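Quick one: the structure is below, questions incoming.
Letters A, B, C and D mark the chains in the order given here, with residues in each chain numbered from 1 onward.
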Amino acid sequence: MKQELKLTKFGKYGGQFVPEVLMPAIEELTEQYEKYKDDPVFNKELDYYLRDFAGRPSPLYLAKHLSKEYGVRIYLKREDLVHGGAHKLNNTLGQALLTRYMGKKRIIAETGAGQHGTACAMAGAAFGIKTEVYMGARDTVRQRMNVYRMELMGAKVIPVKSGSQTLKDAINEAMRDWAANVETTHYMIGSVVGPHPYPMMVRDFQSVIGKEVRTQIMEKEGRFPDSIVACTGGGSNAMGIFYPFIEDDVDLFAVEAGGSGMKVTEKEALHSATLCTGEEGILHGMHTKVLQNKYGQILESSSIAAGLDYAGVGPELAYLADIGRIEPRNSMDSEALDAFHDLCRLEGIIPALESSHALAYVKKAASSGELGDIVVINISGRGDKDLETVMGMKK
Amino acid sequence: MKQELKLTKFGKYGGQFVPEVLMPAIEELTEQYEKYKDDPVFNKELDYYLRDFAGRPSPLYLAKHLSKEYGVRIYLKREDLVHGGAHKLNNTLGQALLTRYMGKKRIIAETGAGQHGTACAMAGAAFGIKTEVYMGARDTVRQRMNVYRMELMGAKVIPVKSGSQTLKDAINEAMRDWAANVETTHYMIGSVVGPHPYPMMVRDFQSVIGKEVRTQIMEKEGRFPDSIVACTGGGSNAMGIFYPFIEDDVDLFAVEAGGSGMKVTEKEALHSATLCTGEEGILHGMHTKVLQNKYGQILESSSIAAGLDYAGVGPELAYLADIGRIEPRNSMDSEALDAFHDLCRLEGIIPALESSHALAYVKKAASSGELGDIVVINISGRGDKDLETVMGMKK
Amino acid sequence: MKISDKFNELKKKREGALIAYICAGDPTPEGTKEYVTALVRGGADIIELGLPFSDPTADGPTIQAGIERALNGGMTPDIYFKIVGSLKVHIPLVVMTYYNLIFKRGLEKFVKDCVSFGISGIIVPDLSAEESGELAGFCKQYNVDLIFLVAPTTTESRMKRILAEGTGFVYLVARMGVTGARKDIAASTRELVERVKTTTPKAVGFGISNGKQASEIIRTGADGVIVGSAFVDIIASGKDVPERLEALARELKEGIRAAGK
Amino acid sequence: MKISDKFNELKKKREGALIAYICAGDPTPEGTKEYVTALVRGGADIIELGLPFSDPTADGPTIQAGIERALNGGMTPDIYFKIVGSLKVHIPLVVMTYYNLIFKRGLEKFVKDCVSFGISGIIVPDLSAEESGELAGFCKQYNVDLIFLVAPTTTESRMKRILAEGTGFVYLVARMGVTGARKDIAASTRELVERVKTTTPKAVGFGISNGKQASEIIRTGADGVIVGSAFVDIIASGKDVPERLEALARELKEGIRAAGK
């Protein structure tokens, strides 16, 4: 089931749907990544940063009180303890190191709520590489703390004033920048999305999560879990924890944002459940499942968790869902909120609202037996960033 | 130089200056702590929580860019990566576990800015022990996010409306509560302060920091550092990293908050530099150095870092300073801010303003040679909690 | 006047003692003399005069507020002794304060000042018997009583030590918790009075605010009643303070007398 | 009209081609016909008519804004083909759109619709030569040109592949970056024109906004000039749009003619 590096696709999904100006950069990246991905020096250095800078390995914690409450033995993979407060840094450290190995001098990225941008700024600072982050002007106002964080760490945040002044416009602007500066600049994508080699490369960098789980669960239980549950926006934390188990007898649940319901209009979806309800299409350089209308116009997605609020999904997840290797599921905003409160109260861990979707699914599915006896939930990030949001909602 | 458990003092410092109603509780705690401190079962369980729940060991990170900028080889002890974002949890986990071993059903604590309260709430939730936190009513407004955090984790936050409605009043109220409920309740102190056995016990729980550094620095450098630098409010992160090196040839620098200057009025100090400028006195159950006026009235201290803003200091630090084993130093608000920006920009790590005082001292002292060639700085916490404060200041 | 003399005198009259606490300088140094006089007029047998400390961790909110008013009113230990010196009362005076103020003044100097200005006893709520050795030494040397507290939680071994250490009277904390006027009196008081085996008089405090309660306390076998918050509350109100202090003292003293001895 | 016929015709006249881009339905479906007619009147040889997509990642802010106006104005692929069908122009029409709209309509249906409604060529900026096989198959089958872009960064191996794959004309991206009117013309254009070794006509785009620039481009050896943002800017202004579109087209065409061939 593992993919050959030479292929740019996962089944029919994936590929490289990008403007010609970017193709050479994509080709170079593919080549360079191929060159370094198994290079012992590169990997040793990456391991060093993952350990000493990011704080890996992250623990696998038996959540006793939650297990009792939900009725299944629950282990939490604690990506909330990674530097920056989420799994995002695993990827940006990998790409920043690769940037240095490729001899590039500049990193660009786009960010929505600012999580990926912050992780880029951290990695950029750690490696001393100039970092510029495109962000919709409206988002820079809504997320001014993350803007400030990025700036503190020496990154330049470029507010994008075109269009809706949100993520979509930031992506466009970052692409333009890359097109104009391909020789010197690496474009850092924050999830397992975009043209090949990004989905593969980001998945590989995030696979450290699942690799650690393999060792940790064997130490604790002497066997693999029956199931692994991860929230899924672009899908990087999910692929990161799933991939090392892909050939094992472990059920993999990708939980998307059910938002406020499965309703869809001409322009908007009230959810972000792309794997669950999306149709095949081409977006952001990849062939994948997409939330779109009958003409192929992309819908505005919606979720209480900014990190899940995406109309596409990683192509490998689309493929794995089609062949039945992963199970796409979803949790609604209200269910995620409910599970958020459970984890805070029962375990003293404040999860990201993204991760709360995975918790919520376990809460509702545990009694069906579908998850087996031992389940690992990926707590992809901490929820400090979400306190204002939760505070604003009725429980 | 290590202290005998039977003694309640460090030289002339320390002791148990508490109302009679509390003495039995203090005696019981002393006895119980004595019973469990070397108990293998207790320690194994504590180690488990430190590892799987708190995320220990925290890395020791060679800060290459900062080393270059400051002109000395700098290792950062990354307590900012501990669950909750600071070293505080090391202690509250220890005390919460002890609470369970003592068969008590309730934890109380006082908190100022909310850091210790949050760590108590986390530990309380982890062990399923009811937790109530006294907090000055004015502080609950200023720090409403931390109040919310504690409440999310199931702790009850009790706003104290008496007096100045700040930390001091919260301490009084917590003491009253303990006095009224000694049989069922453990009072959780957040630093190496208060009556014996707290200074010793909290130091022991925090010593995990220094123990890890011993192993880590030997792995990395094959020798001990020349110096260790830690910020000092009550002194728990400092004692935690110093203590395991107390008999070694390592210089230990306790950096206090120099605030906006060394000025003092009848009622206030513009700083919190107790070791540097305080005089012997009795406060909060201990004989120690204290910021006080000529009559012995305690001064209001001041610092940009809420966690350092304390008119007392741990008695063991007072003792170690007197005998010349540690060097008391201080950094001003402006110097700490400056160093805060340095670490963000150069390393992609946002330190707590408390920890920034330690950084700032290294910045000014490195060139004197006083710190030797290799220095370990304790990054006692992360600075996300301080962003609003820093934002409000001109750099 | 010596505390023991006062208790002996009362014993002869088969009467319990009323020990009245107020904080010196609350709300200003000028008022204290008048308030003390009113309490004496009302029948107080011993005056416990607080010397205010910035961090009164052993006091309840009521007294803490009084202490704050006093400090804001400019009270210092120097002024305290001046006030005490100017009092023309013929009953024992006891200073209640926290250890740091004593420590800072110098233990010996503090005790000598007590003697010079006519204070017969010292209560230090944050000074445990374990830490009291040095101060006790000076108290013995200068013949000043050092008064200790015992609580329902006090263990037998601690009780022995405290009773051996203290003089003047033993301060029994009627119930768990810290000072503050309470509505009823705990059953534990009688038990505590019985547990405190000593020839030193026993005074019970914490939570007494009216004559009926005072009466009940004396009936448990106690030799005296300590009342603080109820007086401080009157001072806090700022209305007809001397008159009301006197009236409350009288009510309490009558309750005490009614209980006999 | 076939694109190759147009280029042959111009070749005979020793004239370069003006390829004019606007976005269909910007700002409303009703205006498009009039704008296209104006461009033709001004001298446009080929019309590149954008079919707006919600996420136009390969376009600059100017054209992106036009696309947004069109979508807000209610444009859909169905309306697009209706508009195209209603145009009575006698020059080649080329559709420029993103791959998802083609994919969603169905590759074959999309190509057949192009044929039915009189479109001779397709440009898909996010479709790389690598991914184009299937669409290219239908284009060949239905005799529609599939036009590819080449950039200064395009490697020799990719260049070969693209030139083998594409028909109609080759779209040379004059300089790095994405569409948007620029003030001057990069020296890299001549170099790129020379590197593109093919008998297929070469048209240069991205950044051309006046007659002088158009002239310079033709002198580098290009067979045509592609202008988009400059026209979209006029539409955005909303003032005298048809007149100014026509005038700019005329200026550009004159510049092109002045350069000869």
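Basically, a residue touches a chain if its C-beta (ideal position, glycine included) is under 8 Å from a C-beta of that chain, and two chains touch if they have at least 3 such contacts.
Worth saying up front: this structure is predicted, and the values here are computed from it rather than measured.
The chains touching chain A as well as chain B do not exist; no chain touches both.
For chain C, the chain whose average C-alpha position is most distant is D. For this pair, chain A with chain C, the centres built from the Cα atoms lie 67 Å apart. Between the CA-based centres of chain C and chain D the separation comes to 97 Å, rounded to the whole angstrom. We define each chain's centre as the mean of its Cα atoms; on that basis chain B and chain C are separated by 37 Å.
The touch graph of the protein chains shown is a line. Contacting chain pairs in the structure are A-B, A-D, B-C.
Those residues of chain A that touch chain D in the complex are listed here as 8, 15-21, 23-25, 27, 162-163, 168-169, 171-172, 175-176, 179-183, 279-285, 287, 290, 292, 294-298. Those residues of chain A whose C-beta lies close enough to touch chain B in the complex are 51-53, 55, 58-62, 65, 78, 80-81, 83, 121-126, 128, 145, 148-149, 152-154, 341, 344-350, 384, 387, 390-391.
Against chain B, in their complex, chain C makes its touches with residues 53-61, 64-65, 68, 71, 76-78, 98-105, 125-128, 130-131, 148-151, 153-155, 158, 162, 173, 176-178.
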